[in-house]
Each structure stands twice: as C-alpha cells, then as structure tokens.
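The same chain A turns up in both complexes below, where it pairs with chain B and then with chain C.
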Partner chain A sequence: MTLLDKQPSTVEAAPAPVGAGPRPARRRGGGSLSLRVGLALLGLYLLAAAASAVWTPYDPREVGAGEPYSPPDGSHWFGTDRLGTDVFSQVLAATRLDLGITVAAVALALTVGAFLGTVAGYYRGVADGVIMRTLEVLQAFPTLLLAMLIVQAVGPGTWNVIAVLAFVGLPEYLRLARAEILSKRGWQFAEAARLAGCRPWRVAFGHLLPNSTGPLLAYTSINAAWVVLVTSSLGFLGVGIRPGEPEWGSMISRGQSGITSGEWWISLFPGLAVLGLAAAFYLLGDGLNDAADPRRRR
Partner chain B sequence: MRVARTVLVRVAWVVPVALGVVTVTFFVSRVLSGDPSELFMPSDADQRLRDQIRASMGLDDSLPVQYWTFLVDLAHGDLGTSFTTGQPVTTDLAGRLPATLELGLVGVLIGLAAGIPLGVLAAIRRDRWTDFLIRGVTVGGMALPSFWLGLILILVFSVTLDLLPGPVGRLPIGTPEPDRVTGFLLVDSLLAGEPGLFGQACLHLVLPAVTLGVLILAPVARVTRTAMVEALQSDYVRTAVAMGAGPARVWFRYALRNALLPVVTTSGGVIGFAFSGAVLIEAVFGWPGVGQYALEAISRADYPALQGFVMYAALLYVLVYLAVDLLYLVVDPRTRS
Partner chain C sequence: MTAIVLSASGLRKHYRIGALGDHRTLVAVDDVDLEVRAGETVALVGESGSGKSTVARCLVHLVEPTAGEVRVAGEPVRARPVAALTRVYRDVQMVFQDPNSSLDPRMTVRALLAEPLRLHLRLRRRERDDRVRELVEMVGLRTDHLDRYPHQLSGGQRQRVGIARALAVRPRVVILDEPTSSLDVSVRGQILDLLARVQRELRIGYLFITHDLAVVRRVAHRVLVMYLGGIVEQGPTGAVFARPVHPYTRALLSAAPVPEWGVRRERFHLTGEIPSPVDLPDQCRLVGRCPLAVPACAHARPPLVPVGPGHAAACPVETSEPTAPPRGPGAVRAGAAPD
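Moving on, here comes the complex of A and B:
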C-alpha cells in the first residue's frame, strides 16, 4: 500500500489537453458535485460505523427491546422485527460489518491485483500468459455465483467472505495495472531508472507502479460499490455471513415475508442503507474519474 | 482475408476457455461442503448400503477418474443426472430455460429501450437539470440491490396498490400452463388460443421484468451518456456544426452512431447477465428459471446440476462476447486491421 500512496497528486497534475478551450471557472477546485456528495455520504456512514461501536439506541441483538413487529415510531425509529429487536440499532451495527468487509476486500484486491498486474505487464512472457489466461477463465463465470460457490467451499465466516470478494474483484485491478505498466514500460523515466542501474523489480514496483496509480485508485471506488452489493446479496441468500450477525442483506432476507404481510419496515431500512453506501461509492468513483481524466472534467 | 483470420482465431479461442471453465467448475464443486449422497441415505443405512449408494452416484471413484468420466460424458452431450431431481441435467435446464429467457428478453428490451434514449438525452442536455436528474437515476439504479428493489416493487404495486400479482411465479397458483410448444408462456398461451392466460402471464411478468430492466437501464444509460458526450466534443461534430448541420442530424446521424460502440459492449454484458438467470430476481419472484435451479444446486451440493448450469452460463458469456467482438468488426472498420 505504501507504494501506492507515494504520489497521490500525479493524476491531478495532468495538463489540460491543447485546444480544449476555456473552462468555466465555477467548477475549479473543490471537485465535482458527484465527488462532494459521495464524500459527504461516505462520511455519514463512517460516522455511523464509529458511533455504533460505542452506542446504539438499543442492543442490536437484544430480543424483546420492544413489542414484536411494532411499526416505526418515536421509541423505535425503524420499528422492531419478529423478535422485538430494534431495527434502527441493527442497521447501525451492520454498518461496521458491511463497511469493514468492503474496505478489507477492496484493499486486498487492489494490493494483489496491482502486484500481479505489474508482474504480468513488466515481465510479460510466460507469467503474463498464465495470468491472463487464468483471468479469462475466471471472468467467464457469473460473478455472484462464483462468489457463492467459493464461499460454500471454504465455509462461512467474515474473513472468508472478504477473501472471496477480493478474489472475484481482482481481475479488473490486474487488467488496469497491466495495461498501465505495458504502456509505460518504454517511457523515458523507466529507461532512466534502468540506466541508473535499478534491478527490474525495482523499476517495475518502485518507478512504474507508483506512476500508474490513477486508474487503479479511481477503480477502487467502483469496486467498493460492487462489493457492498455482493456482500448484501450473499447475506440475503444466507451464504457466508453467520446467521444472526447484523448484516444488511440478511436483515432484508429476514424481513422478506413481512413485505406481503404488512411489516414492510424490517426490509425497507436495511435496503436503503445498502443503496446509500453503494451510491456513495459510485458517486465518489465518478468524481475521481473526472479528476483523473481531464477530458472528462466539466 | 485478414478479417477471416481474426474471426477464426477469435472463434477458436472459445475452446480452451470453455475447457478451463469446465475444469474449474468440476474441481470447485467437488470441495463444496456436504456430501450429496447424504440426501439419499436412509438414516439407519449401514456401511454397505452407504458404499452402494455412493457407487451408484459415481462418487466412489478417485477424482481423476471422475473427471475423465465427466469429460467423456460431456463430449457426448451428456451433463449427467441431477442428484435432487433425478432427471438428466440437460432435461432440467431445457425445461427451465424458457422462463429465464422470457424474463431476460423482456428485461433487456425494457433496459435498452429506456437506457439508450436517457443516455442520449443526458448528453444533449449536459449539466442542466435534466442531466443531473438522469445521472441521479442511473447512479441510484446501479446502487440498488436487485432483490430489494424487487421486494419494494411487490410492496408498492402488489400489496399496497393491488394492481399486480404477488411473487408467485409465472402464473397464478394452480393455473395449468398452456400446451408446451416453445416454453415461452407469452407465445404458447396465444398458440393455445387462450387470451386470458396470455393476460395473466403478462401481468406476472411485469414486476420481475421491470426490476431487471431497471438493473440494465442504469449502466446502459451511463455508458451511452459518456460516449455521447465524448462524441459531441469531437472534431467531426464541430465540423458538422460549423458546416451548418442541424441538431438532429448531428446528434443522431454523426454522434450517436459513433457513440454506440461502447454501448454494444455494455449491452453484451447485460445480455449475458440477464440470460444466465438473474439469480436474485428469480429468487425473489419465485420465478422457475435456471437461476433458481443453480441456487438450489449450490445449497444441496448437487454437482451435476451445478456443473450443467455453469457450463451453460459460461458458454453463453463466451458466445455473447464473441458476438460483440464480431459485431465490432462489422461496425468499426478500424478494428479490422
């Protein structure tokens, strides 16, 4: 990760294309609207995650915190479920798990994908062939099913879910890193590093990779949105997440029967939570892409 | 000649990828937790009976032998027999495929018919409120968990407004299906001369198809907008405008035609997604398609069924992307070299 943090500003320093014409001044600085809305939303979720670690209105696992199936009111903002557990407290508590899984899976996929992509792009040859052909096979699987299949095989548990989501999300990072390295390996700064006596791995990981972080970092946000959605899908299907764990998808699943029998609040609120977090990441990704690619900057 | 060679190489490449997919599925499904033969064991089965049942399911051979048998059967078009339904997997899949295709086809049509115009509109009205509204809708559409959207639509249109049927599948419970000709209820009900049944099938299709449509609309509109914005900023559009071409001519004849390339790629992706059984949507609406079949197969460690489904889905993706690549050759002369 330290490698990737080194030059965060390279993407912004890219010059505007010649002949692009004058830009309206109102959008300079502060980033695009998507970026700001995305960051604000994400901040809200981080706050909720942090707050829920020390305080929730009720214990999110407490059975009988209120009457079973009581609709939203002043004392239970999001109502209660079948066992009388407070839905608002559960939604808050689940933020930690869903956000935690997302951050961990994305970080893992980014690290491993950047490493393998750099190897494939810089050394090419056999390593590249093997890595790319494997990717092609993996990408022929429907992703959700592949994730389910592996989670079933390795068994339930938060860390297993993280590893599987990282594995399934890895190919895109690998492709991005490989493409960047392939296109830059002949550039002068790489040549200069080689002439200065750097070993190949140092040229690849010390010089090329740090100069290729823009697209990778912009993609992390899009990937994060996807991880949020798949995590909740796995929870909804009852795969991977341990039953009883406060997780948005499994909460939606527990409230599913309530949809037709009138207790709509049990599924509604956790779904909104998923929607908000995924939207935050998509908006952030849009904003980052705009910032990384001056042609798209408005 | 060069085109022919490109096509040939591209088509030939399908074979090793398909073989890879088959192999990965085989070995991953073998390590699935749970022994499928447990389903068939009487609770008081002794060791001999256990061995017999396992042998009859072909589970007593070593893995390499099982793999070889599997490949040989596959070469004969035999996907094996499902452990749960006791029928050949090909029969099971063929029986369920029409439901998935019917839903997928209508969903894709809704998604493309709404997504492409929305994307074009957003690009034309860039940075005005129409654009912001459409972009908001597309981000929302991409961030929606499909299963939850399905539930909310059921809540609003079926439970609260009582306009559409609930999540009971393709027809009201207890209604016999029309004589099977194509398996598509919309077609078969008309062939059987039963307009009432056709109406029922339509009503039951609305909510799942709209759910799928929203899921498809979002990425399509987004890609269309991005490509269209890029096209509208290009030199050829500027030239066309300078030469006095009217807006409609510029938008649709010049810009949109060039912007459609990335849209074709995205459409390929969503078609693959929709036709391989939008697993979650099928689960929420009780839709008896191949996606549900796969879900059940995973939870019951039904290897043959799972392998059959994955083969189908993977092959579908490979073929769809092959079609996209070939379409590119037709649409974009630059890719021919």
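Moving on, here comes the complex of A and C:
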C-alpha cells in the first residue's frame, strides 16, 4: 500500500515483473500469496529503478528545484528538502543505487559462498578446516559493526560497499552450501556420476551444487532484505556511500531534524522505500522454497 | 577360456570406530577373492550386513579398500590419479540398488544417458543423440521418455535408465548391486530378462549382488556366498544349490521356499543372530551359531577348501571327511544350472 502511494499511476498497473530473481514460471497455481505480492513489489522497484535511469520529474541533485521545505503537493509529490531538491526524484534515483548494491552484493556473496561451501563440503579435510575456522573468526563480530569497520578501512565508494556487504553476507551461504553438499556427497547419484565419468570437481559443481540450490536461493531473498537494511544503515551513518549520492539511508539522515519540526516528508518517503523493498524480499523468500525444485513441478 | 574381466584378491575393508583410546575395528570385507569372466554372471549372496555392497563399492573404489588388489580387464585399479580411476569406469560400471536416488533428479533421461557418452567416449552431439536413442530402445523405453525427469518415471523405468546408463559406454563388466530388490515382482522378471539379453548381445560379465536366492538360481552361472565379510562357499550355481556344503549356505538355502509342490526338505537351523562385525577373533565366523562346530573351529579361520569341480567351502568339519555322504538339504532337484 505504501508503495502504491509512492508510485506514479503510470506504473501502478505494471504486469508481473520479468527477470526478478529466479524465474517463477511453471509453478502450480501461480505460487503462494506472499510470493506473488513479493514479486509484484519487487517489480515496482525494478520499474522505478529502470525509469529513474531515463526520467525523473526533476534532477535529483538539483538545488532549488522548488521552494525549500515545501510539503508534498502536485508539483513535488514527496515535497522538497532543505535545499529545495525534489524528494520524489531523489527517492527514485536512490532506488537504482540501493537495488543495484543489493543485487550485486547478494550475487557476489551467493557465488563465492556457494563455491567455497562446495569446496569445503565436498573435499573436506584441510580445505574445510581452513575455510570453517576463518569463518568462525569472522562470525565472532557483529555483522553491522564488521561492515562499518571494513568500509572505514577500505574507504568509501559504491564498489567497496558492495564488496563489504557481500563479504559480510558470505558466511551464511557458505554454511548452507557446505551443509547441503555434505549431506548429499554420499548419495548414490553422486557415486553414479563418478561412474558416468565425472571427475570429483564435476560431481561437486555439476551434480551436488545444482541439487543444493533450494536453501541457497531461498536465503538470497532473506539476505537481500538484510543488505537493503544495512546499505541504508551505512548511508544513514554516513559510512561508505559518497555524500551527495541520492541514497535512502543518507536521505533519512539528512531529513531527521525535520521530523520534530514538522517536515516529516523528507525522511518518511525514503524510509518507506527501504521498508517496502525489505518487505518485498522477505515475502519473496517465503514463497521461493518451492520454486527451485523440479520435483515439485508438474 | 574366456577372459577375466574383473578380479579381486585379498580384498579387505576395515573401519576404525570408537574414539579417544577406545579404537575398535569393524571388518566389513574380510579377505575376499573373486573373478568374473566375460559373458558370465557371478552372484554374490548373503544376508543384510554381510558386506556385499561394500565389496561392490570397493571394487570400483567408491570406497577405498584397506587392502587387496582389484583388476579390471587385467589392469590394476588404483584410487590415484583420479583421472586414471575415472578411465577405469569405461570398463567397469555399476547399477545401483535404488534407482530413486541414483539418478540426478535435475537431469532428464536424455541428459543422464548422454553424460557418460560425453565424458567417457567424448562423442559429438549427433553421435550422442544416436547412441542415446539406441540405448533407450535397448532397455525397452520409448524415445518420448527422453525428456522426462526421473520422478516422472516408474520404478522399473528408472532402473532401466540406470541400466542404460551403465551400458552406455559398453563396459566389460557391470556390478549390479541388488538391481531388482526395490522393484515389484512383476517388473523384476522384465529387468532380469533385459539383463540376460544384453549380456548375450554384448558378452558383458556381471557381478550380481543380491539376497534373493530365486534370482540367483535364475541368472547366475556361479555363486559366492558371503557371511560377515568373508566368502564361505563358492561354486557353480547348480552344484551349490544341489549340494551346499557350508553350514551357513545350508541354512540360507533351507530358509528359502521351494517353489515346487510336494518337495520337502529338512530344515537346517542356525541359532542366534548375525554377530557384530566389530573386533572379530581369528576363528570361523559361524562358530557361535553352528550346530556342527568342533573346538578346531574356534582356533583359526578356515580357508576355502575344494569340494568339487570349481566348488569350495570354508568349513573344516564338512570338508575334512571326503568320504562323507552328500548331505544337502534334501531338495535334490534344486539347482538346474542356467543356460
């Protein structure tokens, strides 16, 4: 509901999104409610992100696009901030950045985590020991704190933020992949694959990993929701994202003084955007478990 | 004489169990020798827990044997280098017990059959397609099964896919690990016929692992009887069924129903249960359960002693008196040799 408020009416009737995560095609009855709502929400965000690349009502960085602190009205749907910059344009432009960071960080964490987890789970031995002990050291730190520390250490910049968020999210993928592979490496189809001519690495990555994607994919959406929240937290704290970039967290931070003095719209709309995207990913994760398994397809 | 396509000598598999100063040894496979010739079916029988499947897995090094040598088509099999072991699988293949779990659930029948052709034989796509069609026909499936996933097939169809997959590379020997035990009786016969037909056509050697004596009688040329990791009797199927020598074989055969009216036979009973294979002393494995046991049985593990042409048993009591009258379990008509 909050998102529909936020979106112009042209995108409201958007069809089910294309290319949103793993394709939900061929599922009985079109999937659960949470899956459909999650996909629809995510679709709106994707549309907003795509639209903002070519068009926003005002330049999201333009100072004095309207009167400073003007409340939402017909010409500035989400109002303007202290410098008269259009909040709606900023929220739209920030969608691209926040969603882009999220997708990139999740994809990176998934790939690297699945790879290392498969290595650890299939080959066990020394590789497993080294990987798991390193992981345990990393996991001893609170994740947000760790992310902040590393971002401070490597310096600001979008790619650094992506790398750090992927790094911090990686352990869970690694554990999931390792557990799945470990439980399946003795299965007969893994042995049969050896007989069919697969070298061990091909058994691991060609047979075991593809059969372990369910939990990994289900976790991507949980992880994505978390990345959305941490990205905006970092933005809010002014860590990582360069100042001046339209980013939801930093927008909330810039507008927070207005909350007590009556200019609620500067923080509220980016806040709702964060909330909506995180919710979309959580809902998606709820429904995703069934989608990846061909045994449940018709 | 036809070539030996699979042989093992002194095959052993021990597992160390227990922890922290309480190490014990579980003997899963204890000094097994076997041979399979081209075009021959050798049955390995024994009850659950006797180590039959471990033998199968040791033979192809899916489980690393503790000791012993395996040869496939005369060449010794070694675990390393991995590439060399993979190459051995062109000559020795395996059909697994449970076709539900031995086929990758995410692969279509076509992909499952094409995989060994691609990896072992490096066939091009077009040749692969032709071979896949051939294989599907050979095992009695239709080409419209090619695009199905394993879960869309029946148990019998899945096992046919498993067999086709094993035969895809034209191996010299196939290890069949209870290939029919998870199937309906009606399907079982079809699969056995299929295996026999393929064997005639391709002169493949089979090591047929089973606990089903009716199946053994039907398919096997020779039979190896396994008890607690070791072979206690071996010989031509007809001879073993007609005149089982080892008390364990006699008990096993007398426990199986005779499918003929009016044939009665004495029952031969062992007492107790199959013991735990942990820390076995050096004595006859059957010593606590055998009604014929003498003190000598507890002194050393009896070796296999010839009792007839190609027939040997590991029982000092039964093999020490060559003049003893044959004392089979009475079903004299049993054991018509196959072929």
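Please note the rule applied: the second predicted complex is superposed on the first by the 261 of 298 C-alpha atoms of A that agree within 3 Å, B and C clash if a C-alpha of one lies under 4 Å from a C-alpha of the other, contacts with A are read in each partner's own complex, and residues count from 1 in each chain.
Convention: a residue touches a chain if its C-beta (ideal position, glycine included) is under 8 Å from a C-beta of that chain, and two chains touch if they have at least 3 such contacts.
Small disclaimer: the values here were computed from a predicted structure and weren't measured.
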Superposition on chain A - do chain B and chain C clash or fit: fit
First, second, both or neither for A:Leu135, with chain B first and chain C second: neither
More chain A residues in contact [chain B versus chain C]: B
Which superposed partner A:Pro200 touches (first chain B, second chain C, both, neither): second
Partner chain in contact with A:Ala153 - chain B first, chain C second, else both or neither: first
Touched partner set for A:Leu237, first chain B, second chain C, both or neither: first
Touched partner set for A:Val106, first chain B, second chain C, both or neither: neither
First, second, both or neither for A:Ala93, with chain B first and chain C second: neither
Shortest span in Å between Cα atoms of chain B and of chain C, once chain A is used as the common reference: 12
Touching both chain B and chain C, residues of chain A: 295
For the chain C and chain A complex, residues of the former touching the latter: 57, 60, 62, 82-83, 86, 89-90, 93-94, 96-98, 101-106, 115-116, 118-120, 149, 151, 162, 165-166, 169
Contact set on chain B toward chain A in their complex: 16-18, 20-21, 24-25, 28-29, 31-33, 126-127, 132, 135, 139-140, 142-145, 147-148, 151-152, 154-155, 158-159, 166-167, 226, 230, 233, 273, 276, 279-280, 283-284, 294-295, 298-299, 306, 310, 313-314, 317-318
Chain C contact footprint on chain A (complex, rising order): 187-189, 191-200, 202, 207, 210-211, 294-295
Touching residues on chain A, where the partner in the complex is chain B: 33-34, 133-134, 136-138, 140-142, 144-145, 148-150, 152-153, 155, 225, 229, 232-233, 236-237, 239, 249, 252, 256, 259-260, 262, 264, 267-268, 271, 274-279, 281-283, 286, 295-296, 298
